[in-house]
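Two complexes come next, and they have one chain in common, subunit A, joined by subunit B in the first and subunit C in the second.
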Partner chain A sequence: MLKYFVKRVLILIPVFLCITVILFSINKMMPGDPVRAMLPTNLKHDQYQMAYDAMYKKLGLDKSMPEQYWTWLTNMFKGEFGWSSMNNRPVADVVAEPIRNTVILNFGVIIIELLISIPVGIWCAVKRRSAFDNFWQVFSLVTWSMPSFFIALCLIYIFAVQLGWLPFGGMPNSSLLSGWAYIGSWLRHLVLPTVVLSLISIASTIRIVRNAMIDALNQDYIRTARAKGLQEKVVIYSHAFRNALIPVSTVVVATFFSLFAGSTITETVFAWNGIGKVMISAINQRDTMLISTMNAFFSLLSVTAVLISDIVYGFIDPRIRLS
Partner chain B sequence: MEKKNVFGRIASSFGRMFKRLFVAEKLSVLEEEAIQTPLKTIIKNFTRNRLGMIGLAFFIAFLLFAFVGSQLYPINLTYIELTNGDLPPGRGYLNVPASLKPQDIKKIVSGVSFSYALKNDGTLVRWGSEPNQKLANVSDYVLEIPEEVAKANIVDIVAGGKHMLALDDQGHLYGWGYYGHGQTTAPDNVQAELEKEDVKVDQMYASTMWSALVTSDKSLHIWGSSQATLNFKLTRQIRGHVEKVAAGDNNMIILLDDGTVRVIGEKSSEFFTNVPEQLTDGSIKAVDVAATNRNALVLDDAGNIYTWGSNQDRLTRVPAFEGKVAAITAGYKHFVALLEDGSVVTWGANELKQTQLPENMGALDRVYAGYFQNYGITKDGTLYAWGNRGYAFGSDEFGRDVLGRLIHGGRISLTVGAIATIISVIIAIIVGLSAGYFGGWVDHTLMRLADIFSAIPFYPIAVTLSYAIGNRMTQQARLYLIMVILGVLGWMGLARLIRAQLLVEREKDFVLAAKALGIRQNKIMWRHILPNVFNLIIVNITLGYASSILTEAGLSFLGFGVAQPTPSWGNMLTTAQQSVVIQYYWWRWFIPGLFVVLAALSANLVGDALREAIDPRENER
Partner chain C sequence: MKKLLSMTLALVLVLSLAGTAMAATDPDTLVIGTPAMNGDFIDGFGNSAYDAFIKRVLFANYYSTVYLTPSDEMVINTQVVKDHQVETNEAGDKTYTWVLFDDLKWSDGSAITAKDYVFGTLYASAPAWVEAGASSGSVGYGLVGYNAWNSGDSDVFAGVKLIDDYTFSLTIDHAELPYFYEISYASAAPAPMAVYAPSMDIVSDDMGAKLVAKDVDQAGIEAERAPLIEAAAAAKAAADEAQAAADADAENEELAKAAEEAQTAYNAVRVIKDANYAALLKDLQNVAATERFKPTVSSGPYKFVSFENQTVTLEINEYFKGDINGNKPKIKYIVQKSIPQDTDVDQVIAGEIDVVTGVIEGKKIEAAKASTTAKTHSYFRNGYGYLGMHCDWGVTKDVNVRWAMGYLIDRNAVIDHVLGGYGGVVQAEYGFAQWMYEEAGADLEAELTPFNLNIDKANEHLDMTEWKYEADGVTPFDASKATADGSYLRYNDKKEPLVVRHLGTTDNSVTDIIEIQYTANAPLAGMKFEVTKSDFNALLNNFYYGYEMGDERQYNTFNLATSFGRPFDPYFASWHSDKLGTWENACQLGDAELDSLIMEMRSLEPDQKDEFLDVWLKYEKRWQELLPQIPLYSNEYFDIMANNVEGFNTTPFATWEYIICEVTKTAN
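Moving on to the complex of A and B:
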């Protein structure tokens, strides 16, 4: 297992380095002068020129590209992400709270997704071509064809505008509320974004679980198990589902991590102060440092996702780690 | 009859089945052993799939809607008409009620989307649609006639853009509709003036944001938006000499009792600066005035007309005509002149068909021009209506027709999706085939490349790229950029599938058989292995197309895809990030969103059906 783990990490290191090179080049393409963004605007002309030169040196822009890349990369690992011009605070401070908010949102989503899609997917595979199966097939096809913002807008229109049950979006106000009211307000703000993200991820996960289950149910060992006279419950849950778990688990891990980057649109529609929304407002405000940090963060997350799903895969399926 | 037919058919098909089962039909060897080509099988399987066929029909309908539609229904991308912003769906602006007899009509007035007729018996008839003005709760419905107005004997009405004024025989003034600037209720001093015994109302005038009155003592009262009342300063020459007024939003032309005209309001406009001298020095006696938003028109006692103002919308170019002008009137961006022989001369903007006269119109007796609608009554008593019929899918915040933008946006969205898919499929084919065919270090490198690209978080990077590169680009180049971004970030899945499929097919027995027969390696690759991979590609093109449409919509929705004013289904929804739009202007987000969903859904249905048609094993799923 350790050998397998080390091997996967060794493969992923060059992948991550390549991504950082891509990110660095995108940073260099960014419009706007990074030096100017760091300087106060109230300086006199000659003072400004001096400050400009000093900052130019300090940012290391006089060095060669590979050197600049190396400084940028090591700074990232040291946790020095730079200065967010939009908030006038260090980037690290700016992103802490949004990361927490996104994690809260995504945990809710992943739990709902697992609670619904796994039993439904199994049942669809067992009762193939039944009305139940057909319903969920249509459901997942239709939901899969919907852009997340459209689902979000429809839900806002129904539940916030017409019925007035839930807020339009935004975050609970921590200064006005306390105790249970605060928690309740959190939950009310969480409902719609969670539902939107869950619907979309359920749509694909149900299909994956169902197909994995069908493949498992078509295996010879299932026929053997049935021929032995095992109970159908045992056949389905211990024999078929455990084997279907292999593809499902990797997908679940991947979905969890991809939610971070994928919830950008949903967070924007609901004005949920998560990292996706921070990303979009950083771009709208031309906050270069924040943009590049966010991109590096998202990339690190997705590489981690690949690594973790590889590990889970190897953990569940011995054939993978031994081959 | 019908029943018998059905029974007959069932019976005969049963008959045929039994015949086939028990009495061997004489088929020739060739017939019995005939095999279909794979393509035929696929088509046959596909046409049997009902959902797939529905998807295909929808998909073709969308293609026709977008590509043929955009040829038939050209739009001007830079056109805006703020006055008509946010109008709800409706095509009935010109639908005069059939019960309204032309000979009963005393006057017809129109606002941006509604019209009122005043009948000779003092009652009102209305049609058209309600202009949406629900913001800040400052609207009563303009199409709802207030009770006291319905009871009163009305003698005169005028329409502003979104409000109405009416005057009854007792000299009472009524106002209803949009009152955001206080334009529906006359201020106290005006009310006090009206209550005097000897003062009567000569003329009422209503613009979008203000209203005005000319009283019988020839004084002018203006109320409504503070900007207008500040703008319209009355000099001593004007006060007490006003005969008639006409106005745009920012300028007003006033006909004085000595037959000269004056212009007040915004001083920098051509409306103000270009007044012909002979109209102000008294050498010509004017009898009537009319004004569009930025242009003025004057009729003199000899039946000649004079016009000046902005050069937009061809308003200063009066078409050549013969005869004397009997009456003049104006809409928001067009003029209408009625000649003495009953024919009509009209010029100005035609974007809403307001200057497109109906064919075979008889000699007119009276003509009424509203904002964008016109009504003419002939001498023999028929009513003609022409101008803006309305918007089938409403209008957006700039007064652009949502249907037109939907058609052209469809063309853009479907094209961007298609080209992005083609780019990604080409990359996937090249990468997947080389990796699977060459193997070894090529395979390794390419698969690591695929790993790198799939580890790139899509939305953040796409948005960053669009911002970093797209900012300096032209509209057209930006479209290409979006296609490339979508294509380059979307090929990995298919490339892996192709490679895997190739590896599987390579090991199959038929390849071994082909090798044993001595067929060349190249030929095995192209003729034996590739067709099996090809099916995979076809299915993935349709499914990938659906997801490209969705991703483009998402990017444009965030404001980092197709840029305004070029429409796309995604960027039509960008403004739906404001809660006002979600709340009140549902047609601006629901309709384009629905089109995205249906287009993606139909592509997905076709893709699913194709997959089942190509690989019958899928049917077991």
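Moving on to the complex of A and C:
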């Protein structure tokens, strides 16, 4: 197992480095000047030039491309993520609060998603073509097909505009609220974005679990298990579900690693101060350092997720490990 | 399991109800909704308009020696200035000596003294402030010695003097006088020196004021500076010499590169970085890293409490003396929060927030007007949206092409499409709320040519350009043959077609209507109109820096919007040819007659109001003749607020932070 693990890690290191080179190059190829984007337009020409030169140097743009890349990469591993041109402050300071907010939002989404989609997916497979299965099939198809902003606006219209039960969006304010009122305010602000993101993720996960289970339930060993007179519960959970675990585990691992990934559209519609919203602002304002750093971070998460999925596969199915 | 789930749901419900006490229902809290903020709350950092609201309510105008009133007048701030004298020396420099009241306080209760005012001018115009990552703006501009201080050539600001604890003086350079807005140069606002620069002190004598480090022996400072000054002088001489060589042989790329390198080398040593500079820089870097995000003291009616999750909370500054009329703030807390923009007005109507400002969309305004829970307050923007044209390059270099562009768009359709009808059109560079327009608007309108969609007029102007032929470059263009499909275009004698290339932004209703209008109308005058949509940064880059793009330059026209500067001085609005070849004169307009009018207008004495109006009329007329921009619309801004908010009387010159002391909120 150790050999298998080391081999996977050694493969993923050059993959990650290649990704960072590509990300850095793409960001550098983007049109526009990040220094100009961050300077105010009320400066006189010579003042502007002084401010421009100072900031150009501060951002390290006076160095060659390979130097910029190497500095960026090595600093990143030292925990220095560079300077955000959009906010004129360290990237780490800019993203800390939004990442926390995104994790809080996604945590609820993941819990709801896994709690609902796995049992529902299994049950749909077991009760294939029943009314229950048909309902969730239609539900997942419709929800998955609808753009998230449309679902968000519908929910805002119903629960905020018409009923007035929930806020339109935004974030809770700790300076004027405390204790239970503050926690309650968090929950109220979380409800609608959580529901939107949960609906979308539930819809896709149900279909994956259902398909994996149907494949497993059609196998000969299931027929054999049933012929042996095993209880249906044992057949489903001990035999079928364990064999359907590989695609399901991929989804579960990816889901946990998506904890840090913001949803640009949903966060924007609800003015949720998450990393997705920050990323879209960074792209609009040519904040190459922030974009590069966050994309590298997401790439690292993806690569780690792949590694963990591979290890999980090894545990689930020893044949993969041995091959 | 079921029991656990039920209990969890019940707990969530209870906690949610606990959080329903929304601040908007609290008469002690005014909740203002805005788009996202950057979180920079002191001047010098960032260019977010929503951060600027907070900057101004914490600092800025309230304790300035010169107060900008909501009706755009500049008056001496009688809450701050106890007495003042104005003296002119033999050279013509004019000194304003300000005597302050001794009861001005920072929000932490400490006294605001003349030292804070002098420091406010010194640090914000010092090169160390720029090196700390900030921008110096125009603080100190116009005063004697500004250039030497701002560029780092001198460690003394000659035009600023600290006289005693409550007296200081500012001397305006005679080269800047007379100036119609003279008093604006004598404006100074305090900065908390004890917080921003705890390791510094101010030394002031007849030579001016300077910032010195408390723990540096000033006796040795001149010895430290001498070699640095020598090195800077040598680098400057080398840079000048290299530039002269490059100018003498303009084709020689090596010389040009050497000149550039020499200039860079000079720039690196130009600012004399002695021990005082190092100490100031360290303090200001600390301001850039901390105070900027969380100001610990303020001078305005509110003090900073927090900025968290895109929500700023401010609390009444109990030490605030009052605005110019003596009004103190009445609402305990101000909360400015980022909210979803699609539903901003709905949130006011639903009672979730109290106010949204600057609404321009017709549908939202109609919804607010129809609501029983919200009301509106409107004013015209001190500025306009426009189609900017590069006057130094391409087809729009020809003034007749620019005029033809003016006749190829229905500006009322723009107002209907973009603003739902809530706006007006202006014919040149002015606004309906400007005092000049209020006094001489009728005369101005009589002088100017009102223009709107008129294909015949557009053809008349284009017939006066080089694009007056058919495709063969010989046969005169016949307007009657032009069709909407663009198959019959104008050409010049080099057989080049008349093509105007426009750069706008995506998801922008103004760009959309420009595309609709010109794509339909331009072909009828033999013009091809091509639209490219990009992001805002690319637009700014191409508009402001087109002059340095060389072969990569592509676009002739751009759609943006502007607000006029206060005070209105077209020299700083950058229509003067002094600014050619810099980003400041974005349209790259150079016209001797306009230059002369600009200088004539600004070179009047402050009491020559009638003369100013006469020149202003000529200036507007000439500006329209040159038409560097087509003013498309002047927005009517609407502030939408809950019915229980009173006194929210914003103006084109005063957004909420200027009038907050007059605002009250009652319980529902």
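Here is the rule we go by: the second predicted complex is superposed on the first by the 272 of 323 C-alpha atoms of A that agree within 3 Å, B and C clash if a C-alpha of one lies under 4 Å from a C-alpha of the other, contacts with A are read in each partner's own complex, and residues count from 1 in each chain.
Everything that follows uses one rule, which is that a contact is a pair of C-beta atoms (placed from the backbone, for glycine too) under 8 Å apart; a residue touches a chain by one contact, two chains touch by 3 or more.
Quantities reported herein were computed from a predicted structural model and do not represent experimental measurements.
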**Message:** With both complexes superposed on chain A, which partner does A:Met29 reach: first (subunit B), second (subunit C), both or neither?
**Reply:** first
**Message:** Under the stated touch criterion, which partner chain does A:Asn173 make contact with: subunit B (first), subunit C (second), both, or neither?
**Reply:** second
**Message:** Per the contact definition in the header, classify A:Ser64: touching subunit B only (first), subunit C only (second), both, or neither.
**Reply:** neither
**Asked** A:Val161 contacts which: subunit B (first), subunit C (second), both, neither?
**Response** both
**Prompt:** Does the superposition put A:Val269 against subunit B (first), subunit C (second), both, or neither?
**Reply:** both
**Prompt:** Is A:Ala54 in contact with subunit B, with subunit C, with both, or with neither (first, second, both, neither)?
**Reply:** second
**Message:** Output check: A:Phe150 vs subunit B and subunit C. Expected answer is one of first, second, both, neither. What do you get?
**Reply:** first
**Prompt:** Thinking of the overlay built on chain A, is A:Asn101 touched by subunit B (first), by subunit C (second), by both, or by neither?
**Reply:** second
**Prompt:** Where on subunit A do the contacts from subunit B and from subunit C line up?
**Reply:** 31, 153, 156, 161, 168-169, 268-269, 284
**Message:** Show me the residue ranges of subunit A that touch subunit C in the complex, using the header's touch definition.
**Reply:** 31-33, 36-48, 50-51, 53-55, 58, 86-89, 97, 101, 153, 156, 160-161, 164, 167-177, 180-188, 191, 268-271, 273, 277, 281, 284-286
**Message:** Please output the residues of subunit C touching subunit A within their complex, sorted ascending.
**Reply:** 12, 14-23, 29, 36, 38-40, 45-47, 127, 130-131, 133, 135-138, 141, 150-151, 267, 293, 305-306, 308-311, 313, 333, 335, 337-343, 346-347, 350-352, 534-538, 540-541, 544-545, 579, 582-584
**Item:** Complex contacts: residues of subunit B adjacent to subunit A
**Value:** 448, 451-452, 454-461, 463-465, 467-469, 471-472, 546, 550, 553-554, 557-560, 570, 573, 576-577, 579, 582-583, 586, 589-590, 593-594, 596-597, 600-601, 603-605, 608, 620-621
**Message:** List the residues on subunit A that touch subunit B in their complex, please.
**Reply:** 11-12, 14-16, 18-19, 22, 26, 29-31, 128, 141-142, 144-150, 153-154, 156-157, 161, 168-169, 210-211, 214, 218, 258, 260-262, 264-265, 268-269, 276, 279-280, 283-284, 291, 294-295, 298-299, 301-303, 306
